[in-house]
Amino acid sequence: MNLLLDLALVAWLVVLALHVARTGDDRNAIVAFIAFGLLLGLAWTRLGAIDVALTEAAIGGGITGLLLLRAEAHLRRGRQADGAPRQGGGAKTIVAALASAVVALGLGLAVLAFPSPAPTLAQPALAAIDATGLGNPVTAVLLAYRALDTLLEKVVVLLALLGVWALTPDNLWGGAPELKEANPPQPLLYLARTLPPFGVLIAVYMVWVGADAPGGTFQAGSILAAMWLLVMLAGLSPAPETRSRLLRLLLVGGPALFFAIGFLGFAVAGGFLAYPKPLAKALIVGIEAALTVAIALALGLLVAGPSNKAPAR
Amino acid sequence: MAEFLTGAAFFILAVTALGLFRVLRSELAVERMMAVQLLGTGAAAALVLLGAASTSPATTDVALLLMLLAAFSCAAFTLGQSEEPGDAPAPKGDES
Amino acid sequence: MTLAALDSATLFGLCGAALAGIGLFVVIAHPGLLRRLVGFNILGAGIFMVFGAVARRGAAAGLPGDPVPQAMVITGIVVAFSASALAVALLRRLFDLTGRDSLEPPAAGKTPRAES
Amino acid sequence: MSALADLFTLVMVAGGALLFLAGTLGLLRFPDTLSRLHALSKADNLGLGLIVLGLLPQVGSIAGGLKLVCVWLLAQLSAATASQLIAGALHRRKSGR
Amino acid sequence: MTPLALAPVHVATPGGYLLVLALTLPVLGVLAILALAPRRARQVALASMAAGLAVAIAILAELLRTGDALTYVVGGWQPPLGIALRADGLSAALIAMTALVICATGLFARGMHDLAPETRDGRAATTFWALLLATWSALNAVFLGEDLFNLYVALELLTFAAVPLVCLDGRAETMAAALRYLMFALLGSLLYLLGVGLIYGAFGTLDIRILSGLGDGGPALSVALALMIAGLLAKAALFPLHLWLPPAHAGAPAAASAVLSALVIKAPVFLILRLVLDVAPPEAAAFAGQLLAVLGASSILFCSVMALRQARLKLMIAYSTVAQIGYLFIVFPLASGPEGMPPWETIAWTGGTLQLVSHALAKAAMFLAAGVVAEAFGHDRIADLGGFGRALPLSAAAFGLAGLSLMGIPPSGGFIAKCLLLTAAVINGHPWLAATILAGGLLAGGYVFRVINTALASPAMPLTTRRTIPRRLEMTALALAVAAVLLGFIPLEPFGLLQIGRSGLATAVLP
């Protein structure tokens, strides 16, 4: 039964992906992609990776979908209804088909050739977890064993935001992005009032249990970002100006705290990003809380895009 | 029991898949957005069932999140929908 | 290989391979940039699924999967999203400036949108 | 007691699954968008409700039960608003044309 | 579990903390720039540059003092669970090169921004400083990383820093160039990531040092390496995947072009080198080396010809970059010395490294000089620049000196590099590679002399500059060009620094 379920799931995922590849209309492809993202969340629970399932559902199914839908609406508005689907060149399609077939076959071969028993770091990860005081090994990997990756990835997100802001026309730089639609429909306003309390509750819960159970800063941050975007879309609260000092301090605060605790490790724990054992859990939870705010803001602003209102004054 | 619950999850997924493809092949753009709603509910039901089958309490968290984001995506889509080319405001932010 | 010998981790690994192939095809073959971005996301999903299969195979010590590749996927998802966001911002700006939504040279008979 | 609870779960989950089937059939057979939408959101939500109800006896902890109920509440909220949004968009589209 | 995990493969060395500083200091500057007011950006950047340069010198000094590689185990978590950083001789040389070029470009950019005080604290200038520092951190992370996934994050960091640099001035054609660049870079990173996943699946570790001792991994390893190298080639813009590079590098502001062409492009090349030398099994490495050499040789020939045909100065320099990168790939078959001699003791290894460093210095100098020219005359069409040497003698000199290195004419670092590669090609019996090196030199001579000729021409109407260019700007380019020439005076024999920490790899393998 389990295998049957997995087979159905896999078939479904592949068919949805093919639908994205074949459909003529961009919006259709994006809708299918959102469905694909939600389904991926299900697939990840089947793979025993609840942490990933939460992340994938929140980012893949939620925020990426909004990002792409907004872009599509923007392009469609500007294109003024010349909807003739473009065709790629024949030769290019053949090359692409060949290349992707080779990659997929090679990959499939490699997947089938994986050694058995599979190499794993599950035991060492579990053996070392006491030193961190955590209960969720994924969180331990993210914030202790491979904290450097996580730290650099935070910088990647900030850099992406910087890159997006750099695309602002010069006269609007430092202003606020505009997300509010011309006349948000009534049910949207209702949703924007009722959904965020749920979302915030779930996010807080995720950070809270993240140390010991699936969940954590990424998942919570992306949920918060989604809720914030909903509020901004409905026009209940305007997007902040990108030059705002408070906003920038909050954005930088999480990674800065991470760096600060990392450097503190030099003094008290014998190395960069090492945590003193009795304080490890407290420090990690503190970092997670600060990072959650920074991630939520950064993801939300990444979707909001460059500012399109001149700064006030 | 677990076998039955997994089976029910499979059944719901299969049924939802049928509906999904009907909706995705639809001519009407509005109708396609029902896909997300449909899938959100179906996947949440399947997840709840699987969570009960596997006694892994965190699976329900995924269902919770999926429901939350299905609603969110639906809202996002309807916004793009309301902007028919005619009544769109002039794009802001270009150089004057 | 009989169906019975196929375990669910391998199944998802093969699914990842297929998704990666489909995503790659969209990225290379489709002229529209927005669709290419969707393709990138599917390619990414396929890659992460290969990681997921690897993690699932490494289930041991009472864990449902090897936490190390799982953590890598989480990092990867966030990076991939940032990349999509940057690409979308670039695409919107390019479109605002030129009316193009593709990097191919505009087809004959299609005039670029007049600047306001 | 446990057997009774299991039987309850069995019946409720089966009922829920059938409602999902009914929703899909409605989606496939009904002629226009609005009735399809109606069939979908009503049947699926009821189905989810039955499943949640059926699973409640199987949950070990209060928190687990609360989470299940929360899933259902969220589904109600999102289904209601989403159908309204879609119906609204449909309406605007029709009146616009 | 493999017994390797129990015996620590990486032993932290006392100077290891310097590696952490090299990686984090520039990024801390980025955070500070984000948090502070725009007018503080340049102060923060200049301060970070001073600190970063000091760290780079300290790393080099420490390496030469101890004669051994520097290692740091982050957080005390031993690989394979944790991440290690390691600087051997080659990494240290590249870190020093990066510091030098970044600081020179930073000084140049400061001068350039001073020319337009009204936009000095504006969008482009402020963002430039943050991106410059981020690029620096990313490059150091690539040169220091020992963990394949950590290297993926570093590569993405580099992408996200480099792409916005291309379109800083906001013109439509630079947007298209940046988008094309982003597409190639993303595809490259994803293919690389795919390979990382397969390697983890096959070995359960991503630490390069552990991997180098694990031997054959079957089809998974071959597929993984093929995917990773293909992805990195797209990022390194080797022919035929070079199409994105010329518009991107030519469209960026001068200082950004210098960093992109001199440094950013070297990161994927360095990673390919590490994969082929340290991870690939010997037969696969030999095969990959042959293939890469063919692509490298085609790159040299095709893109040198393209460079000759360009009408715009910056585009010409950008095509020259693709051609010069080609030389780095013909090193692979040449570095397989006689029996029992590891690659890093061959003259091709030294030659390749010299080519990498001298190209970085020379190309940065050229782009900066071209930036001065474009700023002075408002365009960079070579045909309309007749006699620019009279108006801007220092820039013309910088261009010429840097050209020496690209052509491989003595005295210059490029000469030594190409001489070593040529010797290696002849000794190892690769006549066609030798011929390619010679032809590439001749073609480079063609495009460099075309510009020098223009510079020295005496047109009927002498060119006048739009604005006066401060001497300091021109001096930066000249200093880099002189540094490229001075590289030609270092002793010729396989250069000790580059072997530091390499030999340890072979002995780290447990039987």
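First chain written, first letter: the chains are A, B, C, D and E, and each begins at residue 1.
In this text, contacts are C-beta pairs under 8 Å (C-beta built on N, C-alpha and C of every residue); 3 or more make two chains touch, one makes a residue touch a chain.
Which chain is which protein? Per UniProt: D = Monovalent cation/H(+) antiporter subunit G.
Just so we're clear, the structure is a prediction, and the values are computed from it rather than from any experiment.
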Subunit B to subunit E, fewest steps along touching chains: 2
Chain by chain, through touching neighbours only, how many steps does the shortest route from subunit A to subunit C take? 1
If you take the chains that touch subunit A and keep only those that also touch subunit D, what is left? B
Based only on mean CA positions, could you tell me how far subunit B sits from subunit C in angstrom? 19
Centre to centre, by mean C-alpha position, how many angstrom separate subunit D and subunit E? 57
CA centre of subunit A versus CA centre of subunit E: separation in Å? 31
Based only on mean CA positions, could you tell me how far subunit C sits from subunit E in angstrom? 28
What positions in subunit E touch 2 or more of the other chains? 81, 149, 153, 156, 160, 163-164, 167, 170, 175, 194, 198, 201, 204
Quick check: what residues of subunit D touch more than one other chain, meaning two or more? 70, 74, 77-78, 81-82, 85, 88-89
Of all residues in subunit A, the ones touching two or more other chains: 2, 46, 70, 72, 74, 78, 80, 103, 107, 111, 114, 118-121, 123, 125, 145-146, 149, 153, 156, 159-160, 163, 167-169, 185, 188, 191, 195, 198, 306
Using the touch definition up top, name the residues of subunit B that touch subunit A in the complex. 3, 6-7, 9-10, 13-14, 17, 20-21, 24, 29, 32-33, 35-36, 39-40, 43, 46-47, 50, 56, 58-59, 61-62, 64-66, 68-73, 75-80, 82-83, 85, 87-89, 91-95
Applying the document's contact rule, which stretches of subunit E touch subunit C when the two form their complex? 81, 149, 152-153, 156, 159-160, 163-164, 167, 170-172, 175-176, 178-180, 182-183, 186-187, 190, 193-194, 196-198, 200-201, 204
Subunit C contact footprint on subunit A (complex, rising order): 2-3, 6-7, 10, 13-14, 17-18, 20-21, 26, 29-30, 33, 36-37, 40, 43-44, 46-49, 51-52, 55-56, 59-60, 63-64, 67-68, 70-72, 74-75, 78-80, 82, 86-88, 92-93, 95-97, 99-101, 103-105, 107-108, 111-112, 114, 118-123, 125-126, 137-138, 140-142, 145-146, 149-150, 153, 156-157, 159-161, 163-164, 167, 218, 295, 299, 302-303, 305-306
Which part of subunit A faces subunit D closely enough to touch in the complex? 185-188, 190-191, 194-195, 198
So, in the complex, the side of subunit A touching subunit E is made of residues 103, 106-107, 109-111, 113-115, 118-121, 123-125, 128, 144-149, 152-153, 155-156, 158-160, 162-163, 165-170, 173, 243, 248-249, 251-252, 255-256, 259, 262, 265-266, 269-275
